[in-house]
Amino acid sequence: MTRAAPHLVLALLLAVCFTLATTIQPRTRAWSDRAKSGNVLKMLLGDGRRMFANHFFEQADISFHSGYYPSIFDQREPAGKSAMASGKDEHDAHDEAAHAKAMAFLGQPRDWIEAFGRHFRITEHTHLAHGQEREILPWLRLSAELDPQRIDTYTVAAYWLREKLGKVKEAEEFLREGQRNNPNSYEILFELGRLYRESLQNNVRARHVWEFALRKWNEQDSGGAKPDPFQREQIAVNLARVEEEAGRFARAIELLELGKQTSPNPAALQKQIDEIRQKSAPPSSAPNAPAY
Amino acid sequence: MSVILKTEKLRVEYASRELRSGIKVALNGLDLEVRSGEVFGFLGPNGAGKTTTMNVLLGFVNATGGEARLFGVDVREPIARQRIGYLPELTYYYKFLTAEELLRFYARIFGIPRSEADRRIETLLKLVELEHARGRSIKTYSKGMQQRVGLAQALINNPDLLILDEPTSGLDPLGRMKVREIIQRLKSEGKTVFFSSHELGEAETICDRVAIICRGELKAEGKVSDLVTQHQCDLEKLFLKLIGYQPQEVI
Amino acid sequence: MNNVLAISGIVIKELYRRKDFYVLFVLTALITLVLGSVSFFNDAKIVRYLKEICLLLIWVASLVIAISTAARQIPAERENRTIFPLLAKPVTRGQFILGKFLGCWLACGVALVVFYLFFGVVSESRGRSDSSTTGLTSSAATEGHAASAKADDHEGAAGGDEHHDDHAGTEHFSVLLNYVQALGLHWLMLGVVTAIVLLGSVVFSAPSSNITISFIGIIGILLLGEHLNKVALRQQQPVQGILYTTYFLLPHLEWFDIRDRVIYDQPPIAFVDCGLAALYAIAYTGLLLFVTWFVFRRKTLTL
């Protein structure tokens, strides 16, 4: 073998590797979405990242309860949403009671080990307040990073940001990010509308966004996706309020009628409809009212 | 002269899957006596039971039968090891320590006061010619240097009995010479040395008495000169005869 | 005792001359600092997530240090044959075991102090959460505390500062005590862990299998130990009996994990409870070391 032979073999092997790489690489892109993703977490964890996202969302709730939280081994009463998630829904006394009941998971200690162990655990049910709600935000941010399609994360974070921490701009940005990741989400649009109406007092933008949300809800419904009827009622009722304030009574009544179909308390909505009817007599026509 | 090391009908058995009986007899009724101030050579082929005997004497292995005593104390008692120094066949020391740290650690084990330990460490490092390398970690030492550290640690407690397991194996001629010199010097200081070896010439030169062991049994014991006279052959031929070596004809 | 201390000194020397501890510390510090530099919604006051992650890393690092250090002690002595010159000296096997345990445990303690100092610096530099919000002991206490904070506001310059200083001082002391308790209990737990791993090292021949089994076992106890009784109650006999017996026999290491109390600014634990937990840890450590000695005392060591 001449002195140049090893170098030639090396060059040949490099050429083979390069050729194979250029041939195979375009094919591999078709094998999985993972490689195409610009998101490092998606590339690393694949769909497994959603599991971590759930974990971090729960971690936010644990943080909201200052570490007082039931484990999977505790017999917890089903109470629907956590206090963190339901906070934005202006939960009433009934919700509070249900939540308190659900969180009373400790009960009497079963043995001395459990009784003694409680000295080292957090055993008081408290919620974050007075601006300390900020402590849940990193977990929600991580949850959104890991699972951008988890809608709850955006709506819950946005609520606490604008409502308790006065960070309206950050809340809007986060909701916009959520909307980019979930263009068909009526939930995010609804929350965005609330932000415009309640925090920025911009009823025009709120109305547009809620109209859009209602359209998205309908699209999903007609597509057979079974969207949340309670959410439609929420959108309709809030939108009705804006329409009423703008003097578009007919449209407001129409929206309240829509909300009544799925409302747990249709009588209250009927009362509102009656009040608007009284206010609007003689009736005025609602301009450019879209049909639903 | 008093008896420092004594074994009586010492028997050691190991469980063995290879043998039909399931038991391998490593030592079979071994009787030994080493007296104060003598250099005792413990000779035998590989697998004869030399290391097993040392393991029993040092408490690493429990005897199945018989008994072993050092200074009249059962070898299972830690106090029996207070006055002995032990040099293993190969160097087994904490490689992340320096020679000085290692000697200080063993001095502490023997409860030697700090000032006395300092003095002994100085003397021993000089004796084994490692003064220049005292601050280097042992892992950087050559094999010969490691063997010399071993010798120094075996002497840290100024022992009355030294147990050396093939102390010259793997050393170059100069290293062997130095070890022999140290053994001679210890003998002149009145120390007792019990060492195992394959080197028959070495045993002939420095030992007062030798014992030849084969397959766990004592084959001969006594002064080298007495054994040679009694069997009318040199130590090497006697050794080969006792271990049952049959020279084969060259085909 | 002299022999025990001498042997433990060697273990400590080995640990600080190896790179494990430094690597783990740098890794913990690096991850914490990187996460600490991330801004979440432009809010610089957020601190609990940092505490949570830093403490989690400290726990993982301490378990890795304790388990890997303890697991290799006896097998490495046997494999490198350093045990022979050592046991050829007047050292009993009990002293050998005790020395190894003490060395590992003290080394873990030193590592923990360094880690917790770092944790203290990180969390204090970020500024602690305003404790007026979560409540120190209960929601009632929260209200009281919030009320006192309001009262401070009203007092204003008229002597309110002194009151506020006193209050801040008490709060700082409470936080410091929390850290000390967390460190102390963590260290006690590592004592039990070290003893478990040492026992494993005389039972299992390969250190790697000991490390794996010990790690799984200890993480299992930390995560599930306190829930075994609940699981047991949902089972039929004899599984229920077996689970309940295991529940009572297991060392409840989860007691010693009071990270949540530190993260959520809870009041310190009563000293009597800490004392009882310490006794519990000492009893288990003693039991495990005794079993280790019992297994090791007649073990044949061959060159």
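Note that the chains are named A, B and C in the order they appear, and that numbering of residues resets to 1 at the start of each chain.
Just so it is clear, a contact is a pair of C-beta atoms (placed from the backbone, for glycine too) under 8 Å apart; a residue touches a chain by one contact, two chains touch by 3 or more.
Here the structure is a predicted model, which means the values were calculated and not measured.
Q: Which word fits the touch map of the chains here: line, ring, star, complete or other?
A: Shape of the chain contacts: a line, open at both ends.
Q: From the centre of chain C, which other chain's Cα mean sits the farthest off?
A: It is B.
Q: Distance between chain A and chain C based on Cα centroids, please, to the nearest Å.
A: Going by mean C-alpha positions, chain A sits 37 Å from chain C.
Q: Once you find the CA centre of chain B and the CA centre of chain C, what distance in Å lies between them?
A: Inter-chain centre distance comes to 46 Å.
Q: Let me have the rounded angstrom distance from the C-alpha centre of chain A over to the C-alpha centre of chain B, please.
A: 78
Q: Give me the residues of chain B that touch two or more other chains.
A: none
Q: Quick one: in the complex, what on chain B touches chain C?
A: Within the complex, chain B contacts chain C at residues 14, 51-52, 54-55, 58-62, 78-79, 81-82, 84, 86, 88-90, 92-97, 101, 105-106, 108-111, 150, 153-154, 157, 163, 165.
Q: Can you list the chain C residues touching chain B in their complex?
A: It is residues 2-3, 6, 9-10, 13-14, 17-18, 80-92, 298, 300-303 of chain C that touch chain B.
Q: Taking the complex as given, what residues does chain C use to touch chain A?
A: Within the complex, chain C touches chain A at residues 38, 40-43, 45-49, 52, 129-130, 132-135, 137-139, 142, 146, 185, 226-227, 229-231, 233, 247-248, 252, 254-258, 260-261, 263-264, 266, 269-270, 273, 276-277.
Q: Mind pulling up the chain A residues that touch chain C in the complex?
A: Within the complex, chain A contacts chain C at residues 59, 63, 66-67, 71, 73-75, 110-111, 113-114, 116-117, 119-122, 124-126, 128-132, 134-135, 137-139, 141, 157, 161, 165, 167, 170, 174.
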